[in-house]
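Each structure below appears as structure tokens.
Here come two complexes built around subunit A, the first alongside subunit B, the second alongside subunit C.
And now, the complex of A and B:
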């Protein structure tokens, strides 16, 4: 991946914005224990990264932005933050892979990319819990069902429905994020240059 | 922000060339992850214990952070959940409470694994400079990451300030009351536009100094006296763990 100076600076700015979201909003939301904090942070972070994709419409740029945000998060508070770090990197990679399927950025690719990234947030505890922390799947499944049960007000007997509802929620929030990223990206370009983004 | 702040562990901080450099810390991090990922339950208990002891010696500051009440409570919860909800069948009884020794073993191993990861990640973050991390990624193919990270790290305080200012301006004008959705969009739009306008200045400054990503030097890595030894030792010990355990 070889980028020009302009592209590197643009990606740095978007990576820093994602970093700001993770460092400031992430710390506050995690501290006050708002439900679905991870989903909110993913949607906003990927929204920023995908607007960046409109300005640097090249393969690898979204992942690059994610790496910058990850490193900033790593050095942000001098504390242990392995979960969010894996999350940011994996979300950026998932979004990058989805965007790479399409020849150029489009509204559909944005919607699918953030939806897939948001879905990763749902899957991540199972993957990291199993592979890294050596946890069995049952406690993670119970945590997920418990969270969904409280969120939707359903009994924990309807575990499958709860999980399905959570998956749909993650996908819908991701899709809204993708739609918003496309819309905002165009608005920013019009405001800056008075023309459509280079990617379109 | 502690960007660039080095927290060099006590036994490794000697004047001159360090005993363990950035490469060595990276090897230790990957080795720790490898050991706990590759070992099975019974052997894993032993290996995770060895890892914790080893990491505690080289990263005492990371150990001190782990011993804070917040982390101890979290680790305790992890252990209790595993003991209560693990898949093993109860085979012992204490004061009328049935428990499974398999669940307890798995819980202790899981908690030790979590401690190893936390110690290794915290130790790595405290021992490596931000430019060195960029150097590692650049060597992995992300050319120009060092430059981008430098720009991003310098932009961080400005972006935070600019975002806060935009938020206060919008709030004081009642932008989040009647049409909060539109207000939110305007907030994002303002932050992004300001950030991109500032990036134009940085591009001009970099180009004025004749910066070219393809001609720039990769950020150097600090190499310690033991670093080149740690690589084969790490690989051989991991291979041994896979073959023997």
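And now, the complex of A and C:
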């Protein structure tokens, strides 16, 4: 698939915006120890990427935006960034695959795309932990249960309920992100072009 | 637009509400437990158990091997499924047997060239060549998971 120069520039702009969100907000949120930082960053990053999708409504554009953001993440100061970089790329890929199911952008496709991307954030520690960081399944599972236990104030005996609640939380936050991306995308398009997005 | 801003505000408030409580001051005692056995250690008691060195991010730390600490507390580390380190701010991380039985997995109580920094707290975990998440600082408790 070939993109025009204008489309490439537009995708680069939205990729850069996502990258800046990751570098700046990522550091701040980690520093102030807000829980579910990854989820918040995923929702905001994909929100930016999907607004970009309204400007370049073609297959591959969301993934391309994610690639730009991933490259920019290399410039993060300090911590290990291989996990977040894989995260950005995988979230963009998941969102792209969901969006590609639909013939053109719609509110439903946006909601499903960010919800699926957010769900990846939940699944990623299991994948990267096992394949990259050499951890085993049990400690990753226990970490997840502990995280949910602290968040919901439930005892770790209710492990399955905690994990179920986390999955629902990730999906809901992602869905809200998708809804916001659709609304904000239209607002931005109206502001810039004085008309609804060409994609719709 | 107003509705969108309202949703953003609500999401921000929900996230803020989820922020962890203020970190409890890192105590000078480390609790080691498996649910039935509970034992607490001071820095001096830990020093008496040994002084092994290991590094994290280029800083050399002195501490006691985690498996030695567990054995001293009366817990057989070879029978455990996992070991959890709990930090004073509630952060937890779980280690699998290859990690908590390793010779260079330490509960550190000092740096090689001086005392621990305030950021490290009285005790911290040191697992060389592992991610920052697996090297928690301000550790107050070690939970053995049979």
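Heads up, the rule we're going with is that the second predicted complex is superposed on the first by the 196 of 200 C-alpha atoms of A that agree within 3 Å, B and C clash if a C-alpha of one lies under 4 Å from a C-alpha of the other, contacts with A are read in each partner's own complex, and residues count from 1 in each chain.
To be clear about the criterion, a residue touches a chain if its C-beta (ideal position, glycine included) is under 8 Å from a C-beta of that chain, and two chains touch if they have at least 3 such contacts.
All of these numbers come straight from a predicted model, not from anything done at the bench.
When the two complexes are overlaid on subunit A, subunit B and subunit C occupy overlapping space and clash. Of the two partner chains placed around the shared chain by superposition, subunit C is the only one that A:176 touches, whereas subunit B remains out of contact.
Of the two partner chains, subunit B is the only one touched by A:10; subunit C is not. Contacts of A:36 after superposition on the shared chain: subunit C is touched, whereas subunit B is not. In the superposed pair of complexes, A:103 makes contact with neither subunit B nor subunit C.
When the shared chain is aligned, subunit B comes close enough to touch A:20, but subunit C does not. By the document's definition of touching, of the two partners only subunit C reaches A:150; subunit B does not. Touched residues of subunit A, counted separately for subunit B and subunit C, are more numerous for B.
In the superposition on chain A, contact is made by A:184 with both subunit B and subunit C.
Of the two partner chains, subunit B is the only one touched by A:55; subunit C is not.
Of the two partner chains placed by the overlay, only subunit B lies in contact with A:67; subunit C stays clear of it. Clashing C-alpha atoms between subunit C and subunit B appear in just one of the listed stretches 4-12, 40-48 or 112-120, and that stretch is 4-12. Once both structures are placed on chain A, subunit A residues 79-80, 133, 135-136, 138-139, 142, 180, 184, 187 are touched by subunit B and, in the other complex, by subunit C.
Note for the complex: subunit B touches subunit A at residues 1-5, 7, 33, 36-37, 44, 62, 65-66, 71, 78, 81-82, 85-87, 106, 109-110, 113-114, 117-118, 121-122, 125-126, 130, 133-134, 137, 141-145, 147-153, 155-156, 159-160, 163, 185, 188-189, 191-193, 195-199, 202-203, 206-207, 211-214. Taken in their complex, subunit C has these residues touching subunit A: 1, 4, 7-8, 11, 15-16, 18-20, 81-82, 84, 89-96, 98-99, 130-132, 145. By the touch rule above, subunit A contacts subunit C in their complex via residues 32-36, 40, 79-80, 83, 133, 135-136, 138-140, 142-143, 146, 150-151, 173, 176, 179-180, 183-184, 187. Considering their complex, residues 1-6, 8-17, 19-20, 23-24, 47-48, 51, 55, 64, 67-68, 71-72, 74-82, 85, 131-136, 138-139, 142, 180, 184, 187-188, 191-192 of subunit A touch subunit B.
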